[in-house]
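Here the structure comes first, spelled out in structure tokens, and everything after it is commentary.
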Amino acid sequence: MTKNITVRYFAGFREHAGIDKETIAVEASTAADVYKKLQHRHGSAEPLGHCKVAINDQMADWDAAVSDGDTVLLFPPVAGG
Amino acid sequence: MTKNITVRYFAGFREHAGIDKETIAVEASTAADVYKKLQHRHGSAEPLGHCKVAINDQMADWDAAVSDGDTVLLFPPVAGG
Amino acid sequence: MRITADRINPDELRNELVDAAAGAYVGFEGWIRNHNEGEQVLRLEYEVYEPLALAEGAKVIAEAVEKFPLLHAECVHRSGALDIGECAVWVGVTSAHRDEAFAACRFIIDQVKVRLPIWKKEHYVDGHSGWVNCERCAEHGHTHPEAVSS
Amino acid sequence: MRITADRINPDELRNELVDAAAGAYVGFEGWIRNHNEGEQVLRLEYEVYEPLALAEGAKVIAEAVEKFPLLHAECVHRSGALDIGECAVWVGVTSAHRDEAFAACRFIIDQVKVRLPIWKKEHYVDGHSGWVNCERCAEHGHTHPEAVSS
């Protein structure tokens, strides 16, 4: 099922995509599906397990379901401190 | 053999002895011997293993030899910090 | 948990944790080193996604308070551009005894480094720059933009 | 290693350890608690035998520097009368990474507490006072002068 998903890119993902946000119509059940559809935009060399995702400003698992209208935040490997 | 030993008391030992220093003539081979001879002055309830000793301003073991003219420092259990 | 674009003042922050019941204070500060993985670092930028960095940081501190018998715990992380020697992150913990202060301070900084949406871009002496990988992924080296092409 | 009768200023001491190669700073402070083993503490006195406290403290710091890859390490201990909340001992350590800063800071305070000729006399709310036993001997309770008669 095609859903309208707003995707936000951070850090290296944003630099790679060249934009920080876009709304796409995508066939996706989970956050991981969204990530995979957008691999060319955010550096596919980065394994999913190193990245994090949030849905509507809540940290989420990659297998969390996405709904039409959701905002998915794609976080490359973090490095605080 | 009788030796002239200057003994210095610290903290609880000093309070118990009522003096901080005295020179005594004592039959003693080791620092432990000196401690035992003076038990009535510094609270014999305190096991040797909880206390420390220095000879002439060097930390020493209880079985270190004492010589005539040495200064023996008797340290009750320490509690820094 | 706080995020700030201003200089961190550890002394001021420490004073906020003062408590007559506290016997131990442990403070950790992460400073900007002049080198990383063999490269000379000139300066550094932190990108922070504040809403979730604050929420996740608060969760980390709450977990520390639950795990250890603490009096107070706080963490402050910088955002934006930092120079060599500046404090990037501060963690302070007070408790009755030192065991739990050390353990909790360590727990908080470890979790903050791997869980908060914060990214570090290093600018090197030779002119190039790169996003620094998280500690868990460190064996893979830097994630230079050039290196992650699709 | 330093012994001082004046207030400890952790911020000033921390600044002495600043180093562009340092990525981690860990500071420990021992504060005077208002209670100990169920008793309300009013104030406290430290008796320090300075010549050997300085020598033994320097030895502890040298051991830490040998055990861990540190940049700087320092320890300052108070002597004399202290009020509740005052800092009795400060330990600061800097290193490239945090592992060794935490480990060395912990090592130093642990050793300082059991090896340096320093004694602590607590004055309690009810008027009596007592010398506090070392940590290793803590299971035996306080060494009140009354309790150690010959």
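Every chain is named by a letter (A, B, C and D) in the order it is written, and numbering of its residues begins at 1.
Throughout what follows, a contact is a pair of C-beta atoms (placed from the backbone, for glycine too) under 8 Å apart; a residue touches a chain by one contact, two chains touch by 3 or more.
Bear in mind that the values here come from a model prediction, so they are computed numbers and not experimental data.
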Chain hops separating subunit C from subunit A, counting only touching neighbours: 1
Centre distance in Å when subunit B and subunit C are each reduced to the mean of their C-alpha atoms: 50
Subunit A and subunit B: spacing of chain centres that average the CA atoms, whole Å: 72
Rounded Å distance, subunit C centre to subunit D centre (Cα mean): 26
Inter-chain centre distance, subunit B versus subunit D - centres from mean C-alpha coordinates, in Å: 24
Touching two or more other chains - residues of subunit D: 30, 109
Pairs of chains in contact (touch as defined earlier), listed by label: A-C, B-D, C-D
List of subunit A residues in touch with subunit C within their complex: 10-12, 15-16, 39-41, 43-46, 50, 52, 54, 57, 59, 73, 75-81
Complex interface listing, subunit C residues touching subunit D: 10-11, 14, 18, 20-35, 84-85, 94, 96, 98, 101-102, 105-106, 109
Complex interface listing, subunit D residues touching subunit B: 30, 46-47, 49, 51-53, 55-56, 77, 88-89, 109, 112-121, 131-137, 140, 143, 145, 147-150
